[in-house]
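Multiple structures are listed underneath, in structure tokens.
Shared between the two complexes below is subunit A, which pairs with subunit B and subunit C, respectively.
Right after this comes the complex of A and B.
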């Protein structure tokens, strides 16, 4: 009986995770795409030097970070993937979303400073794990940082 | 104080180097944020409590770095990098380091 209850609870958790998780992902992707279009005039580039000579009046460090986690169902799928190997698509989309969100937050900070371009953008990724009941929490921190440059008008 | 992560300050000349400056902070998660994160783990998505915590910690590390640079008499910190390391379960060290310089 106990085994049955735990089996049912796992099933319910997976169903909940799958339905809510994929809904949240869809909504998040839509909002990321919309905001990316708004920030088209503020490019974030990985160059260290400015591509063209312009007079610079301000340079300041900006950053954005996100801590994001995987839903229960996808974590279960990823566990299955370990048996056969190969791409784990659910983790790929998770990290993709997190990085784009981090860049957007960095750009929001740069916009507040009135910047025109962000130079030398770097990423930093750290896994945050806790070992509790031998259960690993798939959660990551993604940080994006760069130098916001303001041109003289 | 100018803080950048490139090797120069655009539009300015470096006149003196003061060497490396760093700032770090060690933070532990609090139980409330941990509980919320545990719930959030079922449905996935952003863990806002953790994001806030780490953001605050990183700002503090930067402030400490800037303070050290000010003590040396610098007016800019260039080539800033971040590093994160987990020390024990549930505690993380956040570090910022860079080169203190004087620009004109």
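Right after this comes the complex of A and C.
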């Protein structure tokens, strides 16, 4: 009986993780794509040098940070991957969403400052793991930061 | 150079395969490997158990049957012990050794065979029992497990599998937890064959002692009446289903020409002492 109950609970958690997880992902991707288009006129680039022909009147550090958690389904898939090896594809969309969301948040901050461009953009990714007895809560933080530059008009 | 803001046309950082497909293939591969390990282990354990020295059972006895070793036998237990001893006399000479009865207060109608010749009977089972022959059948069934070394086999497989899994995956891997029920289910299935073999042994022993097999089916018939589980749950059951059991046993009794005669009613003392113990 115990075996049956735990089998059913695993199945329910997987189903929940998969259905809710993919729905949330779909909604988030739609929102990310929409906002990426809105912020298209504010470039975030990895150049470190300032343009020679323009006068800079303001420069400030801007950051965007996102913390994301795994769902049960993704974690289960990754757990299987830990046994046989290979790319953990189930985490790819998660990290992709987090990186793009982090850039969007950084751009949002820069826009508030009236910046024209964000230079020297960098990423940091960190795993935040809370291990409580056997229950593992796996999550990541993705931080995007750069220098928001405002040119004289 | 002019900067033209644009978004990448496609996302190279995300694989376009379906996660459900991935799950299916990974599960199939890993379950396949596990099944292979399980079959190999099963063969290995069978070979090893057949050659296991008595010392191994002694070690297992100390670690597993320990809670039952110190206790003095209650009058009930002594009564059941007498019946058990009289049964042991009819066992093959090489299997005759010390078997000890222990009764634990538990509602469930069940009995276990533990290393070191310890037979654990749940008091719930004694409540159901109405005749000596019926109880003898249950005891003989557990003796059958000892003769076939099922008590070691079961432990051997479980121990090796859990050991193996935790070595491969690490002790606190969520996959171990996920697979554990599946392994245990397979383990149950495996044990059903053992139960049938033990039943066969018990029937023969019962015939040797009483000259007939009356009362052998009584307990299973009671179980059948009690049980109304849905069909899909049958797979998860440790013992073969009572109805199947009775059918198999009746077939054997018919084939070997075992007669069915009147049963000996059980002495009241047992039932009384059980009640006292439960309080």
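Operating definition for what follows: the second predicted complex is superposed on the first by the 149 of 153 C-alpha atoms of A that agree within 3 Å, B and C clash if a C-alpha of one lies under 4 Å from a C-alpha of the other, contacts with A are read in each partner's own complex, and residues count from 1 in each chain.
Here is the rule we go by: a residue touches a chain if its C-beta (ideal position, glycine included) is under 8 Å from a C-beta of that chain, and two chains touch if they have at least 3 such contacts.
As the structure is a prediction and not an experimental result, all values here were calculated from the model.
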- Query: Looking at the overlay on subunit A, is there a clash between subunit B and subunit C, or do the two fit?
  - Reply: fit
- Please indicate which partner A:126 is in contact with in the superposed arrangement: first for subunit B, second for subunit C, both, or neither. first
- A:145 contacts which: subunit B (first), subunit C (second), both, neither? first
- To the nearest 10 degrees, what angle do the lines from the C-alpha centre of subunit A to those of subunit B and subunit C enclose? 110
- Query: If you count the residues of subunit A that each partner touches, which comes out higher, subunit B or subunit C?
  - Reply: B
- Which of the two partners, first being subunit B and second being subunit C, lies in contact with A:16: first, second, both, or neither? first
- Task: Could you tell me if A:77 is touching subunit B, subunit C, both of them or neither one (first, second, both, neither)?
- Result: second
- Could you look at A:65 and tell me whether it touches subunit B, subunit C, both or neither (first, second, both, neither)? first
- Shortest Cα gap between subunit B and subunit C in the overlay, whole Å, is 14
- Doubly contacted residues of subunit A, that is, touched by subunit B and again by subunit C: 74
- Note on the structure: In their shared complex, subunit B is touched by residues of subunit A numbered 13, 16-17, 20-21, 24-25, 28, 48-50, 55-57, 59-61, 63, 65-72, 74, 94, 101, 119-120, 122, 124, 126, 128-131, 137, 139, 141, 143, 145-147, 149
- For the complex, which residues does subunit A have touching subunit C? 1-4, 6-7, 10, 18, 36-37, 40-41, 43, 73-77, 79-84, 87, 89-90, 92-93, 95-96, 134, 136
- Using the touch rule from the top, collect the residues of subunit B that touch subunit A in their complex. 2-7, 9-11, 34, 37, 40-48, 50-51, 54-55, 58, 62, 80-84, 86, 89-90, 92
- Query: What part of subunit C is in contact with subunit A in the complex they form?
  - Reply: 3, 5-7, 11, 13-15, 17, 19-20, 22-23, 26-27, 29-30, 168-169, 172-175, 177-178, 180-182, 184-185, 188, 233, 236
